[in-house]
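First chain written, first letter: the chains are A, B, C and D, and each begins at residue 1.
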Amino acid sequence: MAVPTLPSPLAIPSGLTRDQLLELYRWMRLTRTLEERLVALYRQTKVVGGLFRSLGQEACAVGSAFALERRDVLSPLIRNLGSMLVKGAEPVEILRQYMAKGDSPTRGRELNIHFGDVVDRNFVGQISHLGDMVPVMAGVTLTFRMRNEPRVGLVYVGDGATSTGAFHEGINFAAVQRCPLVVVVENNGYAYSTPTCRQTLAEQFIDKAIGYGVPGVRADGNDVLEVYRVTREAVDRARSGGGVTLLELLTYRRKGHAEHDNQSYVAPGEIEHWAAHNDPIDRYVERLTGEFGFDPEMLRRTDDEVRATVDEATDQAEASPPCVGPDALLGVYADPPAMPTLWYRAGEGSAVSEHERPASWGTHDG
Amino acid sequence: MAVPTLPSPLAIPSGLTRDQLLELYRWMRLTRTLEERLVALYRQTKVVGGLFRSLGQEACAVGSAFALERRDVLSPLIRNLGSMLVKGAEPVEILRQYMAKGDSPTRGRELNIHFGDVVDRNFVGQISHLGDMVPVMAGVTLTFRMRNEPRVGLVYVGDGATSTGAFHEGINFAAVQRCPLVVVVENNGYAYSTPTCRQTLAEQFIDKAIGYGVPGVRADGNDVLEVYRVTREAVDRARSGGGVTLLELLTYRRKGHAEHDNQSYVAPGEIEHWAAHNDPIDRYVERLTGEFGFDPEMLRRTDDEVRATVDEATDQAEASPPCVGPDALLGVYADPPAMPTLWYRAGEGSAVSEHERPASWGTHDG
Amino acid sequence: MAEITFLEAIREGLSEEMARDPSVFCLGEDIGGFGGAFKVTEGLQSRFGEQRVIDTPIAEAGIIGAAAGAAHYGMRPVVEMQFIDFVSCGYDMLTNYVATARYRAFLPCPIVVRGPSGGYVRGGPFHSQNPEAAFLHTPGLKIAYPATAEDAKGMIKAAIRDDDPVLFFEHKYLYRRIKGTMPEGDHVVPLGKARVAREGTHLSIVTYAATVWKALEAAEQLEREDGLSVEVIDLRTLLPLDDEAIVATVKKTNRVLVVHEDTVTGGIAGEITARINELCFEWLDAPVRRVAAHDVPLPYAPPLEDFVLPQTSDIVRASRWLAAY
Amino acid sequence: MAEITFLEAIREGLSEEMARDPSVFCLGEDIGGFGGAFKVTEGLQSRFGEQRVIDTPIAEAGIIGAAAGAAHYGMRPVVEMQFIDFVSCGYDMLTNYVATARYRAFLPCPIVVRGPSGGYVRGGPFHSQNPEAAFLHTPGLKIAYPATAEDAKGMIKAAIRDDDPVLFFEHKYLYRRIKGTMPEGDHVVPLGKARVAREGTHLSIVTYAATVWKALEAAEQLEREDGLSVEVIDLRTLLPLDDEAIVATVKKTNRVLVVHEDTVTGGIAGEITARINELCFEWLDAPVRRVAAHDVPLPYAPPLEDFVLPQTSDIVRASRWLAAY
């Protein structure tokens, strides 16, 4: 095996360290391995509900989230499992969510990766209604601007979600209020079965930037270092008072909208082409082992660690307890903390009164 | 008085005839005179509800609507009284609406100029919720495209209304569906008290056009001939399959949002400046009597005719009958044609059953 | 004739109406070549062409508004919400523009807004909703919510032919679980008429959609185990409500249980209770009682969803209480 | 202390809360220097600065969503709808994102969405609405609708301090017509508690907002002309409803008239009737009856609006019917 040549530090872009280069690899690998594990569990019918993949889009999620600090706030979508991992989400949390476990982050109320943590790790639980997270993140970052906190926010929208009124109202509000917000359009070519040409007549999504009076930057979404670079620039601009940036990351959705979708609407060979010639992990491995002189052995070791991590998380998640029916009545409001059981259920295992509302359940004071 | 020099036909822009030049003047004058009459009636408390002026914006409304044919569909807003007149709305209809008369176009259900006629004159009754007419007009024009009818639509939005999700969803839908629709942003500097700089960070509203993949054209909204020219171009493009155009007409709202608004938020002198130096009618009169050699006498005669028309319409409207309570229960649905009177009103002048639903009340067949 | 599913029945209704009337067309997200998230419109685009089965951008307010505009000019658009949960994005357009069009401006607005609704499918809070009650106090709208395959076909056809806007709810739990044999010929089920799903004499269960089937299950169990004769009324149309049918069953059994899947607070059962109160209070031998979902957003984990939603056993318990009253 | 109007009372409540708690801020259309379409926020920007009284673009979903985001990070935003009719544009954001935030993701979301509502002002179909019923089946929201100046101040303060999202309806007919003298000190009126607006023994009128005043008018007339003693309950909060207060008055008078300005079909009276049925059916000497608006979009012409909306004379007639039952 060729002796790796020590690269000159200059050769590493965006001032990243070698450890960070490896970290980026690890996050992408973890994303893919974890999703593959979810597929296995899905086939074993251990996953409740649909399974959403980000295969081939890992660089968008990982590279962009990597440009944020812990205090910064991320608003992920269904293709951004990788972003959540970078932001501190634990594999076991993801697995428990997908398996609807009683100790999952949402206690079984919400599905898949619809969960968040605004107290410590700073990512916000998404809802299904596309576009809605943009106004919400405008408000999060408005707060930082009002309180002069050097924190920024990053929100993703898909190519399809750009057609929603909520996206428009949110980015316009953020722009005019000069909120420290990065809006990332993750353009993966499809909205469910709908190709981008049926979603907009614009040639590129950054053409929308000028209409909001904000800078627009387009980048190769399958080049994790490029994604990091452009996002980092936008994040720095936001942090220094430069307001909103619209980023467009070009990538490709290699799996169906969800696991059940057979992608009948995709031109033959298209998926295979991207898999063979434009896989974000393959491309990054090439650069790591080539240009940056990483020992392939090192990457293999990382792969093994990742697999071990996922194995362990899987065992933990499988051992997790299921949800308990009456818990469903807790925490709709801070006050009252629980809803009463309906009259005809009297004495039918309604143990609501026994439950305490955990202090963490969405009150400011803790 | 200087003898007018006969102009060479070439001197008349956009292939307009001299009669049409005069017509444009007449529509602007009629708009202003009619609104002034409404102010008088408002002060006499004969107007029910608020009064909305288009003083200083008459060229936008008249010049753009003048580019449409009778078969084309117009969607006016509150500043587009002039457009409605051009499209065939009668002064007496406007007056009856404002006075909530029983024979007003909406039979007293809706206020001011919120009325339409899709059977013959082809303008659509607006609702208050800003932005909503854009998707509606996308659908109207989608129909023309589907049926291969050479008809186009024109919809207005204010500078403020461009911030709504409905505007975004509607223009994007129309663009991607290549609907024959002209979207006019009538930029009069304010949305109620909010200046444009608080509405968007974009430098101009046509900067939004590229984001929808459609042509954007900006024009002096107080030059009626220029408004006609750019609108006519957009209309021709739409009619010949060229799809959506976004027009921005620059003008200024010289009166408050409604008659009650004292415009405390306007910089001193701003209104006076526009009134003195950029009144669309004054500017047009100058060109008519100058460049186009119209005899001022002729214009004065037109003014007199207009005043006579408005006087007559006012007498008619004042003589119109008021609304009759029980009519309120008619025509919510085609079937049933009337809602029953509530139980405690039994025998309290509910004459609903006596009423027939006029065939014209919103059924295709008539 | 062969049995077809609830879902196929809707597709059959759509395609018959599109064949019958060239002004009928469909628009929605992914409804074209893909045939929609649940495949309700599968095959329609290849049969009727891209002009009449239109894939739209993700913009519920936009496409509902566009449908209204087309309807003003002689078309009869059928809009699909990928999940009915997303109709909330078109709430303004529906309640303010569409519902008032005829009344305020004499504009014809014959549109149908349809989509998969309802829970019992582990869909979580945003893919399981029953938003019907939110439109109940909107004069100008009609609301249809069929429970059988026969009604699904007959009512979608009636909805399309109706001269006013109709919200058409399709319970996704029923899509493939419920089958029926379609009557021959032009099978149209008029809106506004309820259906006696089961005759009975001791008490009445007034309900609609998926819980019709749970009510029938409960009725059988009550007959078997308690010798109770339970009448089940399937409302079918929620706006306008069929007062006659409601009053008839109350006068017959004098005991009423209203059952629905929506939350108990603010659900349609309140309106029904008020009407019974007004129209036949004297005939009541017991209070009208409600069986419905608990007042929480619908959670996703099976034990939670099962606990929140009304189950057959709940209807049985409530019926016993009512019969013994 | 001097009397102030209903509108001034709200302004006083807002400005006291902004002074007390730096996390409280206002956002909405034209609320800054202009002070809002009805001048509710007049003077607040000059007192608290542009950072805390923010003029927004015209984007109801956008500003409600932004308020939610700010609330997640420790703020207590108060959003003004220029007219409450425009809250329909934020319906998705409110019912799906805001209302479920705590339940689905343990996100704190203490926001207030307030604005002028209601008719009797010749505002027509889009400036007179009472959309409260559309939010009644949305667990996670609270709905406040005061009728007196004292409550307007005390309840806006309670709404701002509440840890959950509150819809706060301000009836524009009351803005300048109703006056009150504010109690000294930190005057907070807890949400969820109804008020006995008038004691009575023969029958009860359960109502809220503007019709509280019509009910009181009717009660006086009925006392004068018929010697009837009518109790009037002002619900004040519609979600959660004060069942105790409702049951108490039913048990006291045994006859109930529910009055509201919203349309009869789908209005909140249905829910109230159902609860009375469930909680104190045995105490009813007569059916619960409703006086409300006719089921049409609210027309603008005075004779039409007057005919559609419930009037004092309607309440009088209905009360006589109920008393004679």
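Throughout what follows, contacts are C-beta pairs under 8 Å (C-beta built on N, C-alpha and C of every residue); 3 or more make two chains touch, one makes a residue touch a chain.
In this text the structure is predicted, and so the values were computed from the model without any measurement.
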Repeat of interface A-D, chosen from B-C, B-D or A-C - more than half of residue-number contact pairs shared: B-C
Identity of the chain that, by mean CA position, is farthest from chain B: A
Separation of chain A from chain C, taking each centre as the mean of its C-alpha atoms, in whole Å: 36
Between chain A and chain B, centroid-to-centroid distance (C-alpha), Å: 47
Between chain D and chain C, distance of the C-alpha-averaged centres to the nearest whole Å: 31
Contacts with 2+ other chains: residues of chain D: 56-57, 59, 61-62, 85-86, 88-89, 92, 96, 100, 103-104, 125-126, 139-140, 278, 289, 295-297, 299
Contacts with 2+ other chains: residues of chain B: 109-110, 114, 127-129, 163-166, 169, 172-173, 176, 198-200, 332, 339, 343
Residues of chain B defined as touching chain A within the complex: 163-169, 172-173, 175-176, 178, 197-203, 207-214, 243
Footprint of chain B on chain D - complex, ascending: 29-30, 32-34, 37, 55-59, 61-62, 82, 85-86, 88-89, 122-127, 264, 289, 291-292, 294-297, 299-308, 314, 317-318, 321
Partner chain D, residues of chain C touching it in the complex: 85-86, 88-89, 91-92, 95-96, 99-100, 103-104, 125-126, 133-140, 239, 241, 262-263, 265-267, 269-274, 277-278, 281, 286-290, 295-297, 299
Chain D-facing residues of chain B, complex: 48-49, 100-102, 104, 107-111, 114, 127-131, 160-161, 163-166, 191-194, 198-200, 264-265, 322-329, 332, 339, 341-345, 348
For the chain A and chain D complex, residues of the former touching the latter: 73, 106, 109-110, 114-116, 118, 124-125, 127-129, 132, 134-144, 146, 165-166, 169-170, 172-173, 176-177, 331-336, 339, 343, 360-364
